[in-house]
Amino acid sequence: MLELERIHKYFGGLHAVNDVSFRVETGSIKAVIGPNGAGKTTLFNLIAGNLAPSSGVIRFVGREIQGMKPHRIAALGMARTFQNIKLFHGMTALESVMVGRHVRSRAGFLAGMLHLPSTWREERQIRDRAMELLELLEIAEFAHVEATSLAFGQQRCVEMARALAMEPRLLLLDEPAAGLNIYETAEVARLITRIRDMGITVLLVEHDMSLVMDISDEIVVLSFGEKIAEDVPRAIQQNPEVIRIYLGEDEEAA
Amino acid sequence: MTADLFFQYLFAGITYGIMYAIVAIGFNIIYNTTGIINFAQGEFVMLGGMIAISLLHFVPLPLAVAGGVVITMLVGALIEILFIRWLDNPSVLRMIIITIGLSILIREAALHIWGESIRSLPYFYGNEITTITLGPVRISPQVLWVLGVCGIVVLLLSVFFKVTPLGREMRACAANRRAAILCGINARNMVTFSFMLSAGIGALAGCVMSPITYTQYDSGTPLAIKGFTVAILGGLGNSMGAVAAGILLGIIEAYSISFVPLAFQDAISITILLIILFVRPHGLFGSGEAARLKEF
Amino acid sequence: MLRIRNMEAGYGNLRVLKNISLHVDGGEIVTMIGANGAGKTTLLHTIIGLVRPTRGEVLFLGQDCRRLEARRIVAAGCALVPEGRQVFATMSVEENLILGGHVLQQREGRAAVLRELGHQYELFPVLRERRQQLAGTLSGGEQQMLAMGRALMSRPRLVMMDEPSTGLAPLVVRDIFRVVVRLREEGNTVLLVEQNARAALGIADRGYVLETGRVILQGPAGDLLANRDVQRAYLGREKIA
Amino acid sequence: MRYTKSRAILCLVALVIVTQLLTRITGTSYYLTQLTMSAYYALVVIGLTVLMGYAGQISIGHAGFFAIGGYLSAALTTHNLIPLAGSPLVQFLGRLGVLVRGQDIYGEQLLTVTPWAACLAAILVAALIAFLLGIPVLKLKGHYLAMATLGFGTIIYRIALASDYFGEADGISEVPGFTLLPGVAGLPPLVVNGDFDSRVQNYYIAWGVLIIGMVLLLNLIDSRVGRALRSIHGSEEAAEAAGVDTARCKLQVFVLSAVYAALAGVLLTHYNGGLGPSEASVMKSVRYVALVAVGGMANLWGALVMGAGLTFLSLRGVFGSFDDAVFGAILILVMLFAPDGILSLRLNGLRTCLKRESTDR
């Protein structure tokens, strides 16, 4: 599905991502973890096309996508959510999700202005599909409320629905549980598993370790821009190198 | 072009250029402490000139100029306190529109106070026909006044920012506002000071230029556009770059008269602005890296 | 010295801290550990007044801080060494330190600032060597020392440090932590926020563990160090197979 | 949604008709002149609203596009091509049937471009300039975008002011009427001009154009492309992530709003029989921005009502010599107190504005 090959990224003199390679298998949930400044967000931005890698190859559904514009990568079937939720100010929840249908619909500028019958039919399909997703995420009752005025957890759901509306093959989740309480986090965990069961591959960055350990099939650990481990959750928990970077070095040992 | 003409143009170019640089420095001071481009910057220059011209009826020239500068500074402080200080985290679009609105209000107020007539301060020394011979060129002593005063302003500013506690605190706010607050510095007052300072130097420039360029209620906007061009050209926030860029633009403009009709002269600087914005938005002298290490 | 009760805070709709209670007494090093995104930085920002708490109370030296501007809290004797150091990159080392002495100068005058400057140079000899250098050109460890020196210039009653070890080599981290210990010996009070739990607990008197905005554990540093749950807070619970 | 939209449009149509009837009954039909002009200015404002309010891209140069439309149309329909009649280009144009012969007031032979061709040419040129300008300009943000568009507007102003071809400070006058439809089957022809007896007709033409323009824009913002535009304003990054080609979308809407401005320029110029360089001035551009802001930024109906309403008051001279100051004050007050144009706040802001205006007088 997704394959990173020897990715490097420099910012000026800073080596933010250093020779990272890994694969995300179709139908799996993969997590990226690591301490502050480990380069997780940079990595996400490289995959989604917001940044171009300094060197290396990123392959998605068999195509090299490094340096491609985000909207073109999105059209190939990659959707993402953002760490600090990015909803569209002034749009209702339903409309926000309808934007997600953009890549799956065609009506152009003039068709939109003239409201041709074909446009009208397409519009109805978009609306119906968006509504279904809101129902799936149990926020249909807020369909006509401005999305940015919803409670935090509901905003996350709207963002997730928007991503799902794109019918992606790969879903990138940037800290889906940040700022949620224990119950909401459990809910998110359930949802992510369901998304995977719908046949969508998931790659996530997350700080809530219990969430990551519970749901991921595989985990990649980054530190100072380098991949230091890649394994199944149980092995990661036992990995001395991982424990060291998380708990820090022993004063005496150092 | 004769050598004589060449030098005449050169001096004219430098004179106008340093004027643009002063406006650009005004932009920079406010930009550095707030991240706002103050579209009313040109109006400060106009106000300084106009107020000094009016005061001249009552007091001698030096006092009139001082009065113009001080009153404009107060106007600058007032504007900041009334329209900017209490806004919580305003968006850039909002600030742009507010400062544009302010520039219109100041201009319209000037129109109602001083009318549409073109005014000017008298020459500080001699009159229109007095000239000083400097090697191959004859120049008006006012040009020397402009160069001298603006040069001193630039010098004093750099001393102010380097040496005085207030200047140091303003630089700290510019470098890292949050860290400045954590040092116990009143960042809001620094913003007010920055408005006063840039209003003050704008007004001073407006006074010394008045005998040469004249002052009219709407002379601010064209100056603001050129000042902005220079600020961008020199790298936003970089005042030494602004001086170099200002002189460069002034000279280009001066020589362009030989190639392009006078009426299109303004269009030249704007075209330069557009090209710079498209090609090198961080300025001629700045690199992307240096843009982050802001320097006065 | 510092007492927080049932505090809640966050940004906009996002509630980062929930029901936080903690206290720091004079002369001790207290550490706050927790993973990324647990709310540690938000906690410090709320104490210093950069973020307003939505509920609960924050008392510093018996004074209610909830409505005070950040610079007033600094003037009252609470200093923060911010995350990522945040030195004034375009200014010299000495200028950075003098700016840190802003509140001291207002309180006790210029002479006191110069005296304190000497004291910081003694604490961080490397800063004296580089006094005329631009802060932005210092190495990461030197910048961290400068940030600490700058905060200490105000002669604070309480020093709060936000992840001083981030991005530094282990040897440098050790130097930094040695200075923290020395601060306590000089009678200072320190609230140390760290991700590097083992190192932080190694020097602290007491510790709190923060997880997704809540204090989940607290106690003497030695106890926490031995606690299996601390490991859990970082690596998550094991799957119940 | 669609239902309320068509109902609102019907209300507007009714209001337009009632207003005309009222002016007739009360014998105040001289108001129609300013109402006609207001409709054209409102056309610029609603076009700019889609750009600024919905797509979130500021332009302080829209008077430039208005002027491109007006000036080109005026120049093409007034400049005599007889001296150039021999040139291959003019002969080619003649064969295309876009030239028309006439006589000027001294009885001299005139050969000019027909208004229809001039109008199309003017709009095409405006669209082309918007397209070429938009490619680099729309990459800019914030201050840079504002200054670049301001710079563009100023260049157009300077060119208008300094070009002999565009009449320098005097502008262009004696622009002929624009026959939209020839008279058929006993019906009179539909002409855009300032003749006294076609005042009612022109009032309806102007408002008709405005209403059609409005319907098209309302449809647009409710469509797939419209949602994409609004999403750009909300968060460009998220819009890109949702597959929206933001650069292309911004460019399209920039060109569209330029076309609206140019069309308004063409029609108003033919209606007034001429235009001067002040139509291209920065103050005009700022005024359009003010009208968009006071309309509530992302609110086409607000833009239409405020655009037509305040322009009408301004044209009637209600603000006297404070005309520009009023618009400056509106800008500041709206931005200080109701920057988001939230409905309730907007009404509050409006009340403040109105109070301010009445005290200004």
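By written order: A, B, C and D. Residues from 1 in each chain.
As a convention for this text, contacts are C-beta pairs under 8 Å (C-beta built on N, C-alpha and C of every residue); 3 or more make two chains touch, one makes a residue touch a chain.
Nothing here was measured: the structure is a model prediction, and the numbers come from that model.
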Give me the chains shared as neighbours by subunit B and subunit D.
-> none
Measuring centre to centre with C-alpha atoms, which chain is farthest from subunit D?
-> C
Selected interface, B-C versus A-D, where C-beta contact pairs are more numerous | A-D
Ranking chains by how close their C-alpha centroid sits to the total C-alpha centroid puts first chain B
Chain centre separation in whole Å, for subunit C relative to subunit B (CA means) | 42
Take the average of all CA coordinates in subunit C, do the same for subunit D, and state the distance between these two points in whole angstrom.
-> 58
Here the gap between subunit A and subunit B, centre to centre from mean Cα coordinates and rounded to Å, is 48
Check: subunit D positions touching at least 2 other chains come out as none
Chain contact graph, described as a line, ring, star, complete graph or other shape = ring
Go ahead and list every pair of chains that touch.
-> A-C, A-D, B-C, B-D
Mind listing the subunit A positions that touch subunit D in their complex?
-> 48-50, 69-71, 74-75, 79-80, 82, 86-91, 95-96, 98-103, 105-109, 111-115, 119, 122-123, 126, 162-163, 166
What part of subunit C is in contact with subunit A in the complex they form?
-> 10, 13-16, 18, 35-38, 163, 165-167, 170-171, 173-174, 177, 194-200, 202-203, 212-213, 230-231, 233-239
In the complex, subunit B touches subunit C at residues 165, 168-169, 171-172, 175-176, 178-187, 292-295
Can you name the residues of subunit D that touch subunit B in the complex?
-> 56, 58, 60, 136-137, 139-144, 146-148, 150-152, 154-155, 158-159, 161-162, 282-283, 286, 289-290, 293, 321-322, 324-325, 327-332, 335-336, 339
The answer for subunit A against subunit C in the complex is residues 35-37, 151-152, 155, 175, 177-182, 185, 207-214, 224, 233-234, 236-237, 242-243, 246-251, 254
